[in-house]
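When the chains are written out, they are named A, B and C in that same order, and each has its own residue count from 1.
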Amino acid sequence: MVSGALLFQGLILGVLLGGLYALLAAGLTLYFGIMRVVMLAHATFIVLSAYIAWRFATLTGLDPMLSLIATVPLFFLIGFAMQRYLLVRLRPATMTMMSVLITFAIALIIEGLLGLVFSGTQRRINLPYGTSSVEFFGAQIPVVQIISFALAAVSLVILYLVLKKTRFGRALRATIQHREAAQLVGIDTGKIAGFGFGLGLATAAVGGAALSLQATIYPSLHWHWIGPLMAIIVVGGLGSIPGAALAALILGVVRLMLEIPLGPTWAQTIFYLALFLTLMVRPYGFFGGRLAQRF
Amino acid sequence: MARATGTTAGTTTTDTGTAVLRTEGLTKSFGGVHAVNNASVTFLEGKVNGLIGPNGSGKTTFFNCVTRMIKPDSGKVYLRGKDVTGWSPHRIARAGLGRSFQLCRVFPRMTVLENMLVSVQPESIAQQMELPRNREMVGRAREMLHRVGIDHLENSEARDISYGQQKLLELGSTLMSDPPLVMLDEPAGGVNPSLIEQIAVLIQELNKEGTTFLIVEHNMELIMKLCDHIVVFDRGAPIATGTADVIQSDPRVLEAYLGV
Amino acid sequence: MRSVSETRAARTAAQSGAAGGGSPGRLRPTVIILLVAGVLALWPLIAGNPYMLSAGVIVLNFAVFATAWNIMGGFTGYISLGHTAFFGLGAYGTALLVINWDVPSFVALLIAAVVTLVIAIPVGFAALRVRGASFVIVTIALVLVLQLVFQGWGNVTAGSAGLVVPRPFPDLLRPEHHLVFYFLFLALLVVVLVVWMLIDHSRFGAALKAVREDEDKAESLGVATGKMKLTAFAVSAFFVSLSGGLYGLWFGDLDPIFQFDVVLSVQVVLMALLGGIRYLFGPLVGAIIVGAALEYFLLNFGETQFHLVATGLLLAAVVLFVPDGVLTGLAQLIGRFKPQAASIREQSAEELRDEREASKAKKVEAEKVETRQAEAQQSKEEDRG
């Protein structure tokens, strides 16, 4: 039968995976909170960032995480531009539907371009520490996963600090909660929304770099992530970052634990099961997010 | 179609009559704010009931809880004696409750006539697959449109007519299914005085013909003129009920409004 | 000098004409559908080679899929990106029935569609618990989870190895095979178009459109929105499943990656949007345009990733520049050549009342004249009698 040590290892790995999921889902939550936009291209940008990290590493031989110096500001700008110049052109009446379609279009374009430029060959970064692991109370934890988790955790903490402690963060939260009221107190909601979007896409940059450390990447990888990420934010409650983080952690652990008996394909279905359950029992999510009320 | 007729306002100081709408301990909180706080209210059949209160007193939340646009946390709602707590909005509507919305809502890309016809509910599947209009339905719709005064706009799209005309359309479509109780959320909001007058006259006429009304309003003049049974809300619960005279001289009401 | 009865008869006739007026019957659209089908039936004559013919089959398949999708999307405004799930279920369902239980192909087609319908009910019930963006997310999840399931269930579905579907007419050569299926798909298209049209001209359809315009308001007027939406969802799932099953029988080879592909969902939505979701022939027009474009890309750029880029660009272009679809633009163009309705926005309440008084006065006058005429007629008759 499955040993306690194996279970413990699964638990740790699950938490590490959950942390990564949490970072990736946080961005999605931001877009939704700011503009009620379902940003289906988020996962593609994660993959794009992973590709950039890989290319950087293979070209320069330096650690792929250094690519973040370029990708984070770049993605921030792209996010800002997308919100300010693309999404605002959509009619408010059909915003949600049309934003789904147009972000999906962006996802297809990026996936296609990645395929054209890098071909469909699977890529993986060769890291000096790529195969080493650390021992932790009998569990073998790959170093790359610890680094991914650390990256994710640090980013989430920074995100939290920005949202709670800075003026920008306050303005952003106000815009998310009640746009008109925010405007009334003098907040330039248009610009703030743009920055918020940029922030969301910046998290995709970090997530992609973290992903590049441990995963094999290929152009259609984003399909592997869209479903789980969407499920996470619905289970967590649309518009709630802590909710998404909590859901991510729990689902990450369950997902990994299930991989032992069921194998990866069937284990992946846990996200959809959780989604279905959420819809039947608490359609607005389990961990908060009043924004889901009637959008 | 006999229904109880109302007593004229001001002749009685105590409230008598059957309850058309009654709530027991209705509560709804948002976060820490008790928008509706254990509200037990009765509105009377055959009268023009009024629900007033200062801003933030929970009137609209109460309204939405009763019509089930939002789910109350606890409490019960009785419509003409029937326990409708937990019923979906469309079931409550079919049970005889018509309502208008605070920010007038019509079906924007349907014509005025089509707007009116939505309220006519088919009963069977066979009826569902009938053509969307027949002579009888259209005749009734036209009569109602004529009554509210916008029959000449029959083929215009609802989003093309003025706000005041939309308000009349909303009223008309609510009345199409002949509901015994009609709840109006700020019917005078955003319209000019002569239109308010027109609406007031219409409400009085319909009330005489047997329709019970419940009006949530800020326009005091309108309330005092129209309503023979008024409930005053403050901080999520009723603080006073009675006729216009009784309400106007109640010190609690003055305190709620003026903070005196 | 008309008699009272004649005048009254004339008035009733005018009223009934007006009551029916503006609401077209169902005869004319049915005729138009048959005419369009007749035109489409000419394609095999025009098509130069079997490849063009098979391209026609694909386009018709898209058209059926898109029109069936539009039963949900067009009427209720709920954009489902998950209908590919029903397409795949129809395809695999039909195939498995034929392979495992020797069910005749077209019987299997129907059974698979019914099974899909039954599955669609609880699925739709869950999905319709939410609106807008959440609904879209849920429908995407539906396709993705089925893809996983059908890949994982290798022993039943042959998973990624691909499932070969026995041909219903094994003796036919390829060109004849394409020809037969062209007309089968055309027949199915006619059926789906008629169903869409019937719903469009029914009270059920009017209720669905009310949901699209303002769901809360519709509910407050007593429309059973939940039941309506679920019915539309299930009906559209049924017909999408039929098109999937027919595709399986025609194409002969199934793979979860291609059958449960969200991109296919998006392409179908693109077709409906491009054509115009409020119009009977919108999805058909969209299917022809997008289908032809996709085939063109395939021919010129092969199986590379470029077709993804092209689909994405086309989708973005439609969303940004033609969100109401081609047929809406056409309708507006035609409308500009018709006599303009007077702008009525600026009429004040006073003017309104004056108008009413005036028309009331006119009516009273007219009635007075009538009664006078009637009395005159009666007295004449009394004199005679």
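Rule of thumb we're sticking to: a residue touches a chain if its C-beta (ideal position, glycine included) is under 8 Å from a C-beta of that chain, and two chains touch if they have at least 3 such contacts.
Not measured: the values here are computed from a predicted model.
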{"item": "Chain hops separating chain C from chain A, counting only touching neighbours", "value": "1"}
{"item": "From chain A, the most remote chain by mean C-alpha position", "value": "B"}
{"item": "Identifier of the chain whose CA centre is least distant from the whole-structure CA centre", "value": "C"}
{"item": "Separation of chain B from chain C, taking each centre as the mean of its C-alpha atoms, in whole Å", "value": "37"}
{"item": "Inter-centroid spacing, chain B versus chain A (mean Cα positions, whole Å)", "value": "46"}
{"item": "For chain C, residues that touch 2 or more chains besides their own", "value": "216"}
{"item": "Complex contacts: residues of chain B adjacent to chain C", "value": "67, 69, 88-90, 93-94, 98-99, 101, 105-110, 113-114, 117-119, 121-122, 127-135, 138-139, 149-150, 152-153, 155-156, 160-162, 164, 173-174, 177, 192, 194-195, 198"}
{"item": "Sites on chain A touched by chain C in the complex", "value": "32, 36-38, 40, 86, 89-91, 94, 96-102, 104-109, 111-116, 120, 219, 223, 226-227, 230-231, 234, 238, 263, 265-266, 268-269, 271-272, 275-276, 279-280, 283, 292, 294-295"}
{"item": "List of chain C residues in touch with chain A within their complex", "value": "77, 79, 81, 126-127, 129-134, 136-138, 140-141, 144-145, 148-149, 151-152, 216, 262-263, 266, 269-270, 273, 304-313, 315-316, 319-320, 323"}
{"item": "Complex contacts: residues of chain C adjacent to chain B", "value": "15-16, 19-20, 22-23, 25-26, 198, 201-207, 209-210, 213-214, 216-226, 341, 344-350, 352-353, 355-356"}
